[in-house]
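Both complexes shown next keep subunit A, but they swap its partner, so subunit B is in the first and subunit C is in the second.
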Partner chain A sequence: MDQVFVIVERIVIYSVLISALYALVALGFTMIFGVGRVLNLAHGAFLMVGAYTAWFAQQYLHWNLYSAFALAVALCTLLGVVFYQGLVRHVQRSPIVTLIATLACALIIEELIKIFFTTNTQLLAPFISGSIEIHKTTVITNRIIAFGASWLAILLFWLFVHRARWGKVILATAQDHEGAALVGIDVRRVYTLTWAISGALAGIAGVFFASWVKIDPFMWRDPLIISFAIVVVGGLGSLKGSIVAAYLIGLLEVLMTYSPSIRVCFSFRCFEFLGSSWVGVSSLLVLIAILFIKPEGLFGRTE
Partner chain B sequence: MSSRAVRFSILGTTVIVMAVVAPFLPSKWMTTLTYAQIFAVYAMGWDILSGMTGQISFGHIFFVAVAGYTTGLLNLYVKWPIWATIPLGVMMAVLAGLLFSVPALRLRGPYFSLITLILPLAAARLVIILADWTGGELGKFGVAALCPFPDFKANQYCNYYSLWGVMTGVGLFLVWLSTSRVGKILEAIRENEEAVEAAGINTAKYKIFAFAVSACVVGLGGAFSVHANEAIFFNSLMSLTTSLEMIVASVIGGMGIIVGALWGGFLVRGGEQVIRELAQLKLPIGTEGLALSFLERWATLIFFTLLIILLFFARQGLLPLLAGLFRRRRGEVRGG
Partner chain C sequence: MLVIEDLNVYYAKAHVLKNVSLRVSQGEFVSIIGPNGAGKTTLLRTISGLKDGQGRLSFNGAPLPRDPVKVVQLGVIHCPEGRHLFPEMSVKDNLLMGAFRLKNFDPESELEKIYQLFPILRERERQMARTLSGGEQQMLAIGRALMGRPELLLLDEPTLGLAPIVRKTIAEALKQINDSGVTILLAEQNVPFALAHAHRVYLLETGVIVKAGTPEEFRADEHVQQVYLGGV
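Up next, the complex of A and B:
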C-alpha cells in the first residue's frame, strides 16, 4: 500500500513539473495563432535555436548559464521579429503557403545545425545541479527551477496581456483585427510584437527543454508535436485551454512512463505494449483521435 | 497548360527522352535517375490530391511507408513473391488513404495539414516500438529484388526500365484523370468548394476518390522502391524531408498539372546529383584549390531555400511560367 502511494506521489509530482514546461512550450505557438491566425511550424525550431545558442555560449564562449540564457532569449526574440518581417508578413494571406514556408524554414534550421554542429547529441549544464527530496520522491533541482521559471513566464505573460496597455492592444487585435485597425491600432506593429514575444517564450522554453531532455538537430519535432497536441486539445488560441491541456498531456506522458508494459510476443519476436517506449506515441495517438472525433478541440475554439 | 493535348505531349516527350537516354548515361547517373523516377511518381501522386484539390498534405511519406513495410515484411517473413506483396502493399496504402480521408472531410486547410504531419511521425514511433519485426531505425535487409539478374549492369537496366514503366503508367493515368471531368471537379473544389456543392455535386465523394488514387500511386512507388533497394530503409521510408520534397517538386514544376510534379521530381533529384558531382570538384582558387566538398551537405538546404524563393516570386511554378513566356513570345510575333 505504501509503495502504491509512493508511485502515485511520484506520478503527480513529475507530471505537475513537466506539464508547466509543456505549457510554456505551447504558449508562444498558441499566441501567434490566436492573434494572427498563423500556425508557426517553425516554433519547435525556434526552441532549438534557443537551446543551441545557450549551449554554444556555454561551451565555446565559456559564459555562465545565466548570460547564455539571456543571449538565447534575446536571439530568439530577434529571430521572431526577423521571421515575421522577412517571411510571414508576405505570405500570411494564404494559410497553406504559410504552413509550407514555416515548415521549410524549420527544416532549413535543422540542416544548418547539422552542418555546423553535426548530428551529435549535446548536453546543457543545469542551472543548479543535484537533486532534492520532496517527501519520498527525488526530484532533480534543475527541473524545479524549470517549473518555477515556466510558471513565472506564464504569469508574467498573463499579466502583460490583461493589464499592460500593449497587452490589451494585442487582445483587441486578436478579437478583431479589422476593428482594431479602425480604432487606430497599427496591426502590423502588434503582429511584430507578438512574434517577438513568441520568440522570447520559445527561447526560454528552449533552454529549459534542452536542460531537461537533450540537444540535437531533431529536437524541434517533439516540442512542435507537444504544442500541436496542447492547442488541439485545448482549442487553438485559448490560453486557459492550453494550460489545462498541457497538464492532461503531461499526466498522460508520465503515466505512460510508469504504466506496466505488457510484453506481446509472436513466434519469439516481441514488443512492449504501453510502458516507457510509448511516451511519445501516446500523445500523438490522443491527438489523432481528438482530431478525428472532435476537431474543434475538447474546450472548443476560443476566438 | 490546361489542355489535355499539351499535358500529354509534355509527358510523352519526357518519358521518351528518359527511355532513350538511359544507355548513354554513366552508371552513377543511371542510379540517380532510377530513384528520380520513383520520386517523380511520389510527386505526381501528391499532386493529384494536394495540387488539385488544394488540401496540402505534409505526410504523404506515410503511404510510402505503409506500402513499403507491408510488401517488404510480407516478403521477408511470409516469403510471398513480389508480384503478390506489391499489390497487397498498394492495397494497404489505399486503405490508409481512405482512413486518412475521414478527417480530411471534417478538417479544412491548416487543420488538415497538421494531422497529415502527425501521421508519419506516429508511424515512425510505432515502427521503432515494433523493432523486432521492422528492424527499427536500422531497417531490414534481404528483401527480394525487383530484378533477379546476377549481372550488375543487367540489373541496373532492368531496375531503370521497370521503374520507367511504373512512372509512365502512373503519368498517363494521372494526366488523363486530371484532364477528365473528375479532374475539373477536383480543381473546382480547390477554387470554391461551396460553389461545387451548390451545383449539386457531392464533393466528399470526389475528395475520397482523390485520396484513394493518391495513396495508391504513392504506395506503388514506395512498394517498388523497397524491392529496388532490396531492403527496408527506415530513413527513406519515414523521411519527413522526402515528404516535404514532394511539395518542393510540385511547387517547382507547377502545382495541379501532374507534368509539373514530374518535371519537378527530376529537377530535385537531378539537381541533388549535380550538387554531389560539383562537390567532387576543386576550384582553382589559392595554391591548394578550393574544395567544394562542403556543397554535398548543403543540398537539402539549397532546395528548401529555393522553395521559399519560389513561394515568394513564382508561385505558379516553372512549367506554367515557361508556357506563359512561350505564349507571349508567339503572340508578339503574330502581332508584329
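Up next, the complex of A and C:
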C-alpha cells in the first residue's frame, strides 16, 4: 500500500513538473496559430536553435549559463522576426504552402546542425545541479527551476496579452484582422510582434528542454508534436485550453513511463516511427481521443 | 472632400466597378443604393484601402493612400459589411479599440458620447460582443467607428437583417451623427432607409453609376419606384 502511494506521488509530481514545460513549449506555437491561423512546423526547430545556441555559447565560448540563455532567447526572437518577414509573410495566404515551407525550414535547420555539430545526444548543463526531496520523491533541482520559469513565462505572457495595450491589440487582431485594420492597427506589425514573442518563448523553452530532455539534431520533433497536439486538444488558440491539454499529455506520458502495464498496452509497432518517445505517443493518443469526444477541442468554440 | 474619378476595380478578371466617379462634400450625407452584387461593398473597400483599384481617389485635395492604416489616420473610417467586431472582447474594449488611431483622448468622455447615442451599449458595457443581438452589434460597430473620430464615415449596409424598429433607431442615430458634423457615405440596399436622411443619392447597378440625384428626385423616378420602392 505504501509502495503504491509512493508511485502515485511520484507520478503526480513528475507530471505536474513536465507538463509546465510542455505548456511553455506549445505557447508560442499556439499564439501564432491563434493570431494568424498559421501552423508553424518550424516551431520545434526554433526550440532547437535556442538549445544549440545556449549549449554552444556555454561549451565553446565558455559563457556562463545565464548569458548563454539570454543569447539563445535573443537569437530566437530575431529568428522569429526574420522567419516571418522573410518567409511566412509571403506564403501565409496558402495554408498548404505555409505547412510545406515551415517544415522544409525545420529540415534544413536539422541538416545544418548535423553539419556543424555531431548527431550525438547531449544535455545542457543545469542552472543549479543536485536534487531535492519532496516528501518521498527525489526531484532534480533544475526541473523545479524549469517548472517555475515555465509558469512565470506563461503568467507574464497572460498579463501582457490581457493588460498591456499591445497585448490587447494582438487579441483584437487575432479575433478579426479586418476589424483590426479598420480601426487603424497595422496588422503586419502585429504579426511581426507575435513572431518575435513566439521566438522568444521558443528560445526559453528550448534551453529548458535542452537541460531536461536532450540536445540532438532531431530534438525538434517531440516539441512540434506536443505543440501540435496541444493546439488541437486545447481548442485552437485558447491559452487556458493549451495548459489543460499540456497537463493531460504530460500526465499520460509520465503514466506510460512509470507503469509498465500501460506501456505494454500501447507498444504497437505502429508507434515505432516515433522512436522510443512516449511524449510523441501520449500526445497523439490524447489528440485522437479528444478529436473523437470533442472535435472542437477542450475550450474551443463551435463556429 | 472625397473625390473619385474613373475608378475601375477588378476581382481577377471580373470587372466589378466600371468608370465610377462620385464626390462627397464636407458635411454631406450621401447614399449609394443598388441591388445585390452591384459593387457597393467593393467601392467602400476600395476607398478604405482594403482593395486595390485603378482610378483617381482623393481626400481633402490629396491622393488617398492605398493602405487601410493610413486611410484611417486621415479620419476616413469604415464601418464594414458584416461588422467585423472583436467577438471575444467586451463592448467597452471594442469601443476603446475604435480609438486606436487617436494619440490623446479621454476614454471616459468619448465613451459617454457613444452611450448617449446608443444607451443600450452602456447597459451591455461588460458583455462580450459576440453575445449581443444583431441590432446591438450593429450599434456597437457604428460606435466603434465613431470612437475613431471620423471626418468621413463609410457605412456598409448597417440595416442588414435588422427589424424595422432597430432600423429606425439607427436611421435617427445617423442623422444625429451627420448633424454633429460627420460626413457620411452610406451603401445600402434598403432604399427607404437610404433615402430617409440623405442629401444626395447615387444608384449603382452592375458596377456602373446609372443615376445621381436628391432623395426627392429618386422617389419621383419611375425606374427607382418600380425596382426599389415598389412591392414589399
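Operating definition for what follows: the second predicted complex is superposed on the first by the 267 of 303 C-alpha atoms of A that agree within 3 Å, B and C clash if a C-alpha of one lies under 4 Å from a C-alpha of the other, contacts with A are read in each partner's own complex, and residues count from 1 in each chain.
The rule is simple: a contact is a pair of C-beta atoms (placed from the backbone, for glycine too) under 8 Å apart; a residue touches a chain by one contact, two chains touch by 3 or more.
Predicted model, so just to flag it, every value in this text is computed and none were measured.
K.L.:
Taking the superposition on A as described, I'd like to know which of subunit B and subunit C A:39 touches: first, second, both or neither.
P.N.:
Touch status of A:39: first partner only.
K.L.:
Please indicate which partner A:112 is in contact with in the superposed arrangement: first for subunit B, second for subunit C, both, or neither.
P.N.:
So A:112 only meets subunit B here.
K.L.:
Can A:287 be said to touch subunit B (first), subunit C (second), both, or neither?
P.N.:
first
K.L.:
Touching A:221 in the superposition: subunit B (first), subunit C (second), both, neither?
P.N.:
A:221 contacts subunit B only, not subunit C.
K.L.:
On the superposed three-chain arrangement, identify whether subunit B or subunit C touches more subunit A residues.
P.N.:
The larger set of subunit A residues in touch belongs to B.
K.L.:
Just checking: does A:104 make contact with subunit B only, subunit C only, both, or neither of them? Give me first, second, both or neither.
P.N.:
first
K.L.:
In the overlaid three-chain picture, which partner chain does A:87 touch, first (subunit B) or second (subunit C), both, or neither?
P.N.:
Touch status of A:87: first partner only.
K.L.:
Which subunit A residues are contacted by subunit C in one complex and by subunit B in the other?
P.N.:
Residues common to the subunit A contacts of subunit C and of subunit B do not exist here, since the sets are disjoint.
K.L.:
What residues on subunit B touch subunit A, complex-wise?
P.N.:
For this pair, the touching residues of subunit B are 54, 56, 58, 102-103, 106-107, 109-111, 113-115, 117-119, 121-122, 125-126, 128-133, 240-241, 244, 247-248, 251, 297-298, 300-301, 304-305, 307-308, 311-312, 315.
K.L.:
In the complex, go through subunit A and note every residue touching subunit C.
P.N.:
Residues 168-169, 171-172, 175-176, 178-186.
K.L.:
Which positions of subunit C touch subunit A when the two form their complex?
P.N.:
Going by the criterion above, the answer is residues 48, 50, 68-69, 72-73, 77-80, 83-89, 93, 97-101, 144-145, 148.
K.L.:
Quick one: in the complex, what on subunit A touches subunit B?
P.N.:
Result: residues 39, 41, 87, 90-91, 95-97, 99-101, 103-105, 107-108, 111-112, 114-115, 221, 225, 228, 232, 269-272, 277-278, 280-281, 284-285, 287-288, 291-292, 295 of subunit A touch subunit B.
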